[in-house]
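Below are two complexes that have subunit A in common, paired first with subunit B and then with subunit C.
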Partner chain A sequence: MARRAHRTSSPVAWWGGLALIVALGAGGALVFQKGSDPYRTVEALKPQDYLENANSLRGNIYQLEGVIASSLGSSPEKGRLFSLRTSYGDKDWPLPVLLPPGYRDINLQKGQRYRMKVKVNETGFLEIEEMTKS
Partner chain B sequence: MIRRYFLLGMGLTTLSLGWSQSPDAVSSPPAAPPASSPPAAQKGFLGSDLPAFDPGSEVMTWDGKVWNIQDQRVFRARFEKYLNAEEETGADAKKYRSQFKEMLDLLSPAKMSKENFRKAWAILPQASAYEPDADLCNALDDAIFGVLLAQQEVTKIDDQNRSLAKRKDTLEWNSRFAADSSLLGPAPKNPVAAEQWNREQNLKRDMKMQPLLAELGEVNASIAGNRVKKEALRLQAKIEFQVLIAQLFLQRRFEHVLLANRFYRALFGDGDNQLRAADDYTANQSSKNKESFGDLGKLPKTLGQLDAMANEAIRDVREGVESFSFLLDKGELKSAAERLSEAFAIGEYLPEIRLLPRVKKREVLEFTRKSNQLLSALEVKDYERASGLVRELEATGKDFDSAKPMAAIETARTVSALHLAKARAAATSGDRNTLEAELRSATEIWPRNPALAEVSGAIFTQADVQQQALNDFERLHAQKNYRQIFEDKVRFIAATALTPEKQEKLKMVLDQVQLAESALLRAAELAKRGDAAGAWESVERGFSDYPDDPKLNQARAEFTTQAAEFVRSIRTAQEMERKQQLGSSLAWYLRAQQDYPLSEIAKDGIARISSRILAP
Partner chain C sequence: MRSTGFGVFFRVAFVREGGFSWRVLALESVELTIPSLEAPLLGGITLCLPGGHFGAVVGPSGCGKSTLLKTIAGILPHTGGTIRWRGRDLNERDLDPHELGYVPQFTCAQPRLTVGENLRYATRLRRTGGAKEIEEVVQRSEEETGLSELHDRRAGVLSGGQLRRLGLAMELTTNPSLLLADEVTSGLDPKSEEEITVLLAHLARQPGRLVLLVTHSLRFLEQYDSVTVLTGGRLAYAAHPGELTSYFQVSSPEEIYPALAEREPEQWAEDWVTSPAELGFAIEAEVEDLASQLLTGEKADSSPLPGFWSQAQTWFFRRLKLFSRDRTQAFLQLALLLVFPAVVAVFAYQGLPAVRNMTLGSDTDVIQQLRETLAFTVQSSRTGTLVSGLAMFQVILLALMGSNNSAREVVGDRAILEKEKLAGLRPGAALAGMAAFLFLLVLVQSAWMTLFVRAVCQFPGDLGSQFLPFALVTAAITSLCLAISSWTSSSEQASLGSLYLVGFQLPLSGAILALPEFLGWLTRPLISAYWAWSGYLQTLKDTRFYDLVRAITETPLAGSQLSLWILSLHLGFGLLLAYLGIRRSDWR
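== the complex of A and B ==
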C-alpha cells in the first residue's frame, strides 16, 4: 500500500478557527443588536442623577427604557404624565415622564414596555421626544 | 346741798352697778311681751316705785325699767365672787354683828333713853372699823353729830328767844307806865290853856313811848326770825339724816336702815316721820339726773314705810337662803342657784348671805359658772359650746331645764345648715353673689359653726384649686406642653368651666392631642402588623399637626429607624418639593409609593406635584 503523505492538523489552527467563529458570532450579534436600538447614540439616564438634582440636567437628552407603571394625570395643554418604572443596577426606579400633547394617538397602557428618548425640560421634567415599544 | 346730791348719787350709782348698766341689756327673752312683765311692774300697793323681782322671768323691775338679774355681767361677776368668798365668821365679823345687835337693842323703843342713845352712838365708830361696813357707821355717826350740832343751835336760838321775850315784857311794861304817867297832874281851868296843856302832855308821852315801841318792834321781829331759823335748822337736820337713810336703803344696807331709823327717832322725838328727802330733792332734781338715777319723788313717803320695807327685804333674804339650803340638799342645783342669786341680789350685805358657808356655795358655783358660760355662749352664738354646756348642766343639776337653750341652739343650727346648703349650691353653680350672701347669713346666725368653717374652707379651697388649675393651664399652654394638659384634662376641664375663653383654648389643645393620640394608636396597630412605614406615616401625619408632642417624637424616631428607606424617600421628596425641584421630588414620591403603596403622604405629594405640572 502506497504510503500516503502524512498530514497533521495544527492545534493552533484549530484554536484560531474557533476564535474566528466566536468573533464572527459576536460581531454578528452586536451588529444585530445595534440595529434594534434606535437611540443607541443617546446617553442613557442614570435615575440616581435625576433624583439627586433634576434641575441640573435641564436641556439634556437621554434615552430611557421602562414599563408604564401608572398614569399620574393629563391635561390638554401639557399632555399626559406617567410613571415609568426603569431598572438600573439591581433596583427599580420609578420616574415621571411627560408625554406632550402631540402624541395623543399613542395609546400608553400600564405594563407596556417602551424605549424612549427624553429631554429634561425647563421645569426639570422628563419630556418624551420619541418613543418606541420595546 | 352739793354734799347731799353727792351722797345720793353715790348710792344710786352703786345700785346701778349692782344690777345693771342699762335696761336695754335685758336679753332673755329678747323681746319680752307685755304679758310677761312682772306683776310688781303694774301699779299695785307700792306702784312701780320700788324694786320688784319676778321669779317667773327672772326679771327685776324698778321705776319702769327692767333687768334680768341672771343676764347681767356685772351681777354675774359679783355673784361668782361671792360664791368663792369665805363666809364672814371671823372674830371681827362676830364682833361687828354683836355691836350692831347691841345698838339696835339699845335704841329699841322699849329701852330708848338718852343714856342708851349715847351708848349706841359711842359704838358706831367701833363698828365702822369692820372693813365690810364700808364706813357706813361712820357716815351715820357724822350725820348724828350734825343733827346734834343743829339741835345745839336750836337750843341757843331758844335761849335767845327767851331773853328776847323777857326784854319784850319789860318794854311793854315801860310803855304802859310811860303812857299812864303822862296823864298825871292837874290840867288848867282855862279852856284855851287846858287845850295847850293837853297837847304838851301828849307830846311828852309820845316822846317817852317812841323808843320803847321801836325796840319792842325789833324784839318781836327777832323772836319771829329766830322761830323761822329754828324750824329751818330742824328741817335741814331731818332732811340730811333722811337722805342718808334713803341712801342706805338704795344701797341695800337694810340693817343700817333699821339702825339709822332708830337713831332718827331718838334724835327727832317729835313723832314726825314724814320722809321729806324726796320732796326736797324732787324740787331740785334735774331731768338728766332723773334719767340716770330715777325719780326721787317716787320714794316712800314716811320713814315707817322705809323701815317696813327694809324688814321685809331682810325676811325675804332669810327665806331665800333657807330655800337655797333646802334645794341644795335635794340636788336641785339650778333652783338653788337661782334662789341664792335672788337673795344675793336683794341682800348682798345681810348676815344671812354673808354667813353662808363657802362649802355650800361652792356646790352651786360650778353649776352657776357653767350657767353663766352657757349664757355667754348663747350671747356670742357659740352654739356648739352651748350645746356641750347644756349636756353638762343636765348631768349636774336635776332640775335644769334644757328646753329653752336647746330650742335656741337647734333653731340656729337648722337655719345655719339651710344657709350653708344654699351656699354649697351657689358655689356649685358659680353664683358668687349668692354664695357670699348665704355664707354671711350662716355666719351671722352661728359664727362658730364647725360646718361653716368646713364648707367655706372647702369652697375657698375649691376656688384656690380652680385658680391654681387655671394658672397651670396658662403656663402649660405657653410652654406648648399640650401633652401635660391632656394628661390632667379632668382638672382643667373643671377649672375652665366658668371661663368660656379658656374653655375654647382647652378644647383646641385637647383636640390636637386627641389627634396625636389617634395617630399613635393607629401607628401602634400598624407596627403590630409589621407595617413600619405605615406606622411612621401615621405618626408623621400627627407630628405635622403637633410637632412638640414628646410621645409623637419618640414614636416617630422609633419608626424612622424601622422604615428608613421609605422615610428617606418621603423626606427627600418633601425637601426637593420645598426647593422647587419638582421633577426630583415627584420621582422620590413615586419611589416612596413604590416602597409603600398605601402611603398617603406619597399619594398626596404625587397628586400635588402632578397637578402643578399639568396646570395650564
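== the complex of A and C ==
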C-alpha cells in the first residue's frame, strides 16, 4: 500500500469517471431532447401527399415545422388562415394552416418559425392543435 | 576509524537479529531510485533511532539529506527496504497525521494572517475541540516556541527565524512524536540558528519524541544526540557526534565535507557497515526509551482528526479572511464586477430597438414585399446581431471572471496545501472549502451581470431563467480553471491554460460564425459558452428578438433544460478533475 502522501488515483477511476460523465451527458441529452419534444410520437406530414389528396388524410394528426409566409384570411368564427412555408426533401412547400379562434392571443408574424401539431379537418385544412416556436 | 568489541556485537547483533521493533524509527536498507538516474538517490540506508532523541542529518549539498527526511515522512516513496515506526512497517500502515510533524524549508504560514490566526487555523484543520481547547493548544504552541509576544503580528513581517519558529509551532499543535525539520536553520544568522537548534533540542526532550534536523551546518554539534552523515545518497556515519572527527580522521568538523569528497560514497558506506564504531547509546537509555514509548504511545494517537465538514468549514473561513486582507485581489474583483457589466450595457444603454414587422397580408405588390423583406433582413442583421452579441458578450465576460476567480487558487498555495495534506487535511475537504468560497464569487458576479444589463438594456424574459445559465457558465469555467490550477506546476502555466480555455469559448461556440456541422457536433458539447448562450436566448423565445436571432444564426439553439444540464456536467467535471488534482502528491 502506498504511503499516505503518495497515493495516486488508479486508471480505472480515471476512465470510470470519464465514462460516467460522457454517459450522463449523452443520456441527459437524449432525455432532454426527446422529453422536450412534445410531438415526438406524432408523424411528420408529407406535403406532397397532402397536396395530392388532402381528403384522404382527413382526421389524421401530424407534426409540421415551417415559417409563416403570409396571412390568407381571417374570420371571428373560423379563425385565421396562414400560408406556412415548410421544407421537405430539398424543396419548399406552401401549406395552408388554420389557427382556430381559441388562439387569439398568439401574435403570428411573417418570418417566424413554428413547430405545430395539426389535424386535417373535414374541409381539408390543416387545423393547428398545438404550436411552439422552434 | 575506531572500533570497540562491544560496539561490534551491539550493532551486528542488532542488525542481524532484526531487533528493530523496540526502536522508535528504524530504516532497513532503505533505497530510493528513479529510472532516469543511474545512481540511487538513497542507497542502502540502515539506521535506528530512539525516542527522546535529537538527531542531525548532515552532509554536503545534494547528498540526499532532505530526500531521506521526505522518504521517512512518506512524501517520496522508497523503492527498496523497510521503514519501521514503533515496530510497524510504514508501507503497511503509515504514520498517522498526529504522529508526524514535518517542518519544510519553505514557509507554510499564510503571510496575511497573524501568528495566532495561522496557528488557530492549523489547529482547527488538524484536531477536534471547541474554541477554548483550540486556544489552549495555540497558546501552548506559542509558549513552546517563544512566539507568545508575536501572537498578533502578521506572518508576512516576521523575520526568518521567527517564521521557522512559526512553522515549528504549527507542527506542535498535534504534539507529534516524530518531528522532522528540513533545513529550518538554513539561511539564518548564527544567533537565530543557535536559538532554533536549542529549541529543537528542548522539544526532543519530551519522552518518546524523536526530532530529526536536516542541516548542512556542522556548528552546534554538542546539541545533537546523534549525527547521521550522508554522502552521495549513502550512509557514511550514524552515531554520537563525539566520535565524528575521529571516525573521519579530521581535526575539526569543518574538514569532514572535504574528507567525504576524497572517496566514493560507496566506499564510505562499505566502511560504515563493516566498521564497528560505537553507536553511542547505553543500555540504560534504551530501557528508559522503551518504557517511555509504552507510556507515550497512547497519548500521541489520542487526538482525532476533525471531520470532513469541519475541515471544509475551516478552509472556507480562512480563505474568506485571506481574501478580505488581500486588497489587490479584492480591488480587482470589484473592478471586474463593476466594469464588465457596464461595458456590456454600453452597447444598448438606450434599450433594445423596437422591432418592425413585415406585412402579413398577401395583398401587397411584389415590389413592396421585396422592400419589406429587405428592410426586415437588415433589421434582423442589426437587432438580431445585437441581441445575440449582448448575450454572448455577457457569457464571455462571466467566463473571464470565472477564470480569474480560480486560475491560481490551488497552484498559488500548492506548497501549503501539500503540507496541510500531510498533516491530515482531506483533499475533498479542501476542495469543498475552496468551492464554497468560489461559489460566493460566482453568485455575486452572475447575479450582478444579469440584473445590471437587464435593467439598463431592458432585456425581456424571466429573470430567474436568465440568471441560471449565467450562474452555471461562471461556475463551470471557475471549476474548470480550478482543475487547471490543480494540475499545473506554476501560476503562469495555470493562467495560460485558463486563458486558452476562455479564448476558445467564443470561436467554437458558433455564435459568431457557424461551425461546419461535423465540427460543431464534436466541439459544442465541450464549449460552456455555447450552452449558456443558447440557454439565455431561449428565455427570449416568446419575443420577436428570438425570431431575429434565429434569422441570422445558422448555429442551432439548444433547449433550456438541456443547456442547464450540460453546464451542470461541465461544472461537475471541473470539480472532479480539481479533486483528483488536489489529491495527487505534488511536493516541490
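Here is the rule we go by: the second predicted complex is superposed on the first by the 101 of 134 C-alpha atoms of A that agree within 3 Å, B and C clash if a C-alpha of one lies under 4 Å from a C-alpha of the other, contacts with A are read in each partner's own complex, and residues count from 1 in each chain.
Criterion: contacts are C-beta pairs under 8 Å (C-beta built on N, C-alpha and C of every residue); 3 or more make two chains touch, one makes a residue touch a chain.
Predicted, not measured: the structure shown is a model, and the values here were computed from it.
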Quick check on the superposed pair: does A:Y114 touch subunit B, subunit C, both, or neither? Answer first, second, both or neither. neither
Have a look at where A:Y39 lands relative to subunit B and subunit C in the superposition and call it first, second, both or neither. neither
For A:I21, is the partner it touches subunit B (first), subunit C (second), both, or none of the two (neither)? second
Tell me which partner A:L51 touches in the superposition: subunit B (first), subunit C (second), both or neither. first
Just checking: does A:Y62 make contact with subunit B only, subunit C only, both, or neither of them? Give me first, second, both or neither. neither
Is A:L72 touching the first partner subunit B, the second partner subunit C, both, or neither of them? both
Touched partner set for A:S83, first subunit B, second subunit C, both or neither: both
Intersection of subunit A interface sets (partners subunit B, subunit C): 72, 83
Subunit A contacts subunit B in the complex at 47, 50-55, 69, 72-75, 77-79, 81, 83, 85, 92-96, 98, 120, 123-126
As the complex stands, subunit B meets subunit A at residues 572, 580-584, 586-588, 590-591, 593-594, 606-607, 610-611, 613-616
Under the stated contact criterion, what part of subunit A meets subunit C in this complex? 1-9, 14, 17, 21, 24-25, 28-29, 32-33, 35-36, 68, 70-72, 82-83, 108-113, 133
Subunit C contacts subunit A in the complex at 73-77, 90-92, 94-95, 97, 357-362, 376, 418, 421-422, 525, 541-542, 544, 546-547, 550-551, 559, 561-562, 565-566, 569, 572-573, 576, 580, 583-585, 587
